[in-house]
């Protein structure tokens, strides 16, 4: 198996998994918050927020990558500030790949979670409130457990997207072996040269295998969570 | 306004909207079917189907486009058959762009609808059955109306994705002005040359405006559908 | 037999083993909370597939585990009023009510949606959605919806529990008319003994998933052994009666096998047969024929047995004509009156204590 | 005043305009289906924000439309038993029951989860999930959950409707004890007059969103005008009484203002005050003192008024000591006995007809 | 200093050759491949590039104007040629003379695969060449423009288009296509791959590797891929 892929390729596989993992995990809190806000709150600029979240879906990834580069690059306003204040560099680092993947996957995650929140029976939340639970407690003890299947589904979608993300990533953090050269970037590189199809397809197979594994795991988790909720 | 964009660019806008519209509309029936199957049925190969549907999310779009070209191109097995039997040509046609956009958007749509189906209380479907409704009638009179908000959300996601799809489209049907030159292709084109950022951003603005409009409309529809369902 | 149920099923920790046969009319399923009533109804409706056994409705086998056959719910044509209303939230009341109509066989007759809405006091609400209804309103819609699906049998799981006395008093006679005029069989779950006594032809008593008693309503409800299941207050005898005449002052006269009784007027014609229920605790006993009492009904009877409970009460079983009567009195009174088997007594019954709800055809 | 409600609200087509004050104890909300009971309870709980008015619970203003203040539900600390159980489907019964416990103030005392589970017969089910429960089991969990949130007031919307008589007979005394020992006020919605009569200190009768009658339970339930709301069968008088002694044969002796009555034994000590309810249809009248009857309780009384209804019955209101008694007899009997205001009569009441459910402290 | 790794940003089409050169040892290098435009923008944003090899002079000009590359180090490292390709089983024969009728070779439905003619270098050169032949106007409608030259080649390889315009280097290694004709170098601006040292990344190691690239061994490898050299060769 190790013979089948070169060390650089294994590196790309590992990096992709790492990026997808962190992108999904770090998107979860803001994703749940945004989904909750869109599903439950009324506020000015709600449609704007909704549009903003969907933007990475609408824009060609190159544009998203370009905008990320301009904003979070070392010379970009936010990027410079992050580096100065926190010493955090995103540009051309795997952390930047995480950001790009997270941004691209965010709308998918938010949509799934939002649908789940909208399906929660508000009467159960009311019941919790009458039992003395403050709003945050209602959220953590009732809402969140009830939307768990949606959160898992959203995370699965996001992780799959993060595994496959390419356009924004390569535009933002480039294609640096060991740092930002994810599986899709590697596949792209192979596809750009004569005779690269075979190694590209080998990487595609790996990527599909990893993603299917993750998907199956998420199905299992979601099913277990759903069983809990059906209450039997 | 017409002066702000050239006629070719207006053409690209129109084409993108047309492609997104048809891609979304045509994905709906198979999308609902697939979501229903994944949510409710147990069958061999369920995980495989699930994986297959997610594939376009996991693969770099170029690869998806490449696979589409090999399958649905004029020389591809399915493409040749379609042309022979139905006279339907996809390669280099806007119909092909619709196919590419639909395939890319499909996982997003299916996920949303599936979540909605999983949230339907099966006891309502049972009630319909005891009132004499056969399974298909239960689906159309109870299940479908109840999942409408999810269907709308899924369609919005799919349409947004279809508006932004670029990699698979250009790989499959290339960039033919008036036929397959969608907004993202045009934007990509501008982004390739020094100083092309300004015109690219102009097109981005148009694309964002169109998508936001569609999103807002979908929100409105979904809200109305949800109000119906809350039953007040 | 209009309904044959013979099923066995196991949930985690709960075993259902129910077997009974019921003739036409209304079959009441009676039993404590958690005794398996809803499970039996679900099995009849096709929503629960028992592990073993069979179910026959009106002569047609709808479920047979041995033959691996189970008619899908929509082919069984049983109108089910669920314990939780289960209205369609996306449809208006009118659409909820008429939902089953389009799936009913062409020729099937039955009440019109307007009649049902009127009966259930829903006419003003027809354009509302279920979410904006009160608990009782929901339950009424559920009843109407089942009625309008033109079923060949009704399954009703505590349909009147959420309703007030006045509303019940409107719906019960309607169910009786259904039973009597159209012959629609009904499987009826209720905790309310007056309802059961009034409506049921057959009573099936469940306990911990098993049938502990099943048979004609008169027999089961008059059985002193059933006191524990039914509750002391609701114990009583159900006696067959024939209407003899209606008086101008609003009283109807009925002939029991043991004598004549007066009841508030009701709408059966003279000559028709009915049933009256006389609660044990509504009966006063006297050794001599009492005089000058407001009570109109005094029946001579002979003590058959005295049965003591744990409390201060004694259940006195009496022969009254060809039927049996029950009286619940204190031990102190029994002693004072020197009651013993064979002793002749007079049973004093206030006419109004044979309540409307306790009269019914059968 | 333990509870002050003064609210106005309008749904599409339904106007709520309710104003009443209730002292400590149990306040029963009574009224036909759709009369606005649940809406009032929701307003008290903070789940419905009325357009106008104010609500004061135990001296604390929890809602005041004028001052634009509305305490959020979780700060009101009212344990709400919903008409639909609303259990948390993702939690086990044990977790459902103890849900409110962690949010209760530190010092708050009350029954332990084990006690509550035992009382409600849920001990064997604690590890189950709500989806696998029967209708009555769900309702019992909902009651336990509200009790265990250590509320300063209980809101109960038809909590016992889905329960059998035996189970009710276990839960009712517990609610009484709560009322008497801990002084926990309860706002109680019910269609069942026996429950209301037994428990309620105050009765508020709603009709079409308006209060048609409110006041102490004895007064409201004994009011012949309430017959229409309550139903003929449930009309009766509620009289204050003092326990005098308990007899060895299982009877307890009580002193009413108009005489002595015997009841099946119950657990109040001699000297304690209580209430007994005597249903109008359980009373037989006689001009002369009857002899040789199994009925132990015979009270002398004077006819105050006769009220005719639409049927063959007459409601006879009598003075009996300082209290009023109601009897429902036929017009024929009233004529035969020549009843008229001022006439002296003997009211014959079977001891057991003053049912357990109709005795209660307060 | 042998440990210092040199980061090279290079046009994706150079991958095969550069991988091979790096594998021969010497200076350890980190090779980053991408589109010239993306790489140039990243260098503008401070990417850790030390050497930039572009497929496109415009972007190198931009960087030079911004002072981001060491101007004196800039050279035209490689050159390329434009060829007309057809599927290997095709029997089309064309001579690229002015006014040549390519539409006949395309048939009624066929298209000619190119890279984007407005933005991608291979497409720009191709359009220039066709214009010089005076046939662009008649062919513009019949193009199938891909986002990069590899995708255009792929269209021909799969037989989706009967003709395509790609670099000679691409055609060399693709057995499913054959070169029908080669465009005369005078028909378009010179196709060069400029290379330069990035100002911020200048170091002895990068200069050493830059030397290697211009050395004999590297030349052989480039030549085997079909590249030419500005200074001489073919």
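First chain written, first letter: the chains are A, B, C, D and E, and each begins at residue 1.
Here is the rule we go by: contacts are C-beta pairs under 8 Å (C-beta built on N, C-alpha and C of every residue); 3 or more make two chains touch, one makes a residue touch a chain.
Going by UniProt, the chains are A, B = Molybdenum transport system permease; C, D = Molybdenum import ATP-binding protein ModC.
Fair warning: this is a prediction, and the values are worked out from it, not measured in the lab.
Participant: What are the chains that subunit A and subunit B both touch?
Facilitator: Both-contact set = E.
Participant: Treat touching chains as neighbours: how many steps, at the fewest, connect subunit C to subunit E?
Facilitator: The distance in steps between these two chains is 2.
Participant: Which chains sit in contact with both members of the pair subunit D and subunit E?
Facilitator: A
Participant: So, what's the distance in Å between the C-alpha centres of subunit D and subunit A?
Facilitator: Each chain reduced to its C-alpha mean, subunit A and subunit D end up 57 Å apart.
Participant: Calculate how many whole Å lie between the centre of subunit C and the centre of subunit D, each centre taken as the average of the chain's C-alpha atoms.
Facilitator: Chain centres of subunit C and subunit D, defined by C-alpha means, are spaced 26 Å apart.
Participant: Hey, how far is the Cα centre of subunit B from the one of subunit D, in Å?
Facilitator: Distance between chain centres, rounded to whole Å: 60 Å.
Participant: For subunit C, jot down the residues that touch at least 2 other chains.
Facilitator: Residues 84, 132 of subunit C each touch two or more of the other chains.
Participant: Find every residue in subunit A that makes contact with two or more other chains and list them.
Facilitator: Residues 62, 66, 188, 191 of subunit A touch two or more partner chains.
Participant: Residue numbers in subunit E touching 2 or more other chains?
Facilitator: Residues of subunit E never touch two or more of the other chains.
Participant: Just spell out which pairs of chains touch, all of them.
Facilitator: A-B, A-D, A-E, B-C, B-E, C-D
Participant: With touch defined as at the start, can you tell me which subunit C residues reach subunit B in the complex?
Facilitator: My answer: residues 45-47, 72-74, 76-80, 82, 84, 86-91, 99-100, 103-104, 129-132, 145-146, 149, 155.
Participant: Show me the residue ranges of subunit A that touch subunit D in the complex, using the header's touch definition.
Facilitator: 123-124, 126-135, 137-138, 141-142, 145-146, 228-232
Participant: Name, in rising order, each residue of subunit B that touches subunit A in their complex.
Facilitator: 47, 50-51, 54-55, 57-63, 66, 107-108, 111-112, 114-116, 118-119, 149-150, 153, 157, 160-161, 163-164, 166-167, 184, 187-188, 191, 197, 200, 204, 207-208, 211-212, 215-216, 219, 226
Participant: Once bound in the complex, which stretches of subunit B touch subunit E?
Facilitator: On the subunit B side, the touching residues are 62, 66, 69-70, 73-76, 91-92, 167, 170-171, 174-176, 185, 188-194, 196.
Participant: Which stretch or stretches of subunit C touch subunit D in the complex?
Facilitator: 11-13, 31-34, 37-38, 83-84, 124, 128, 132-137, 140, 157-158, 161-167, 169, 191, 193, 230-234, 247, 249-251, 262, 264-265, 281-282, 284-288, 290, 292-296, 311-313, 327-334, 336-337, 348, 350-353, 355-357
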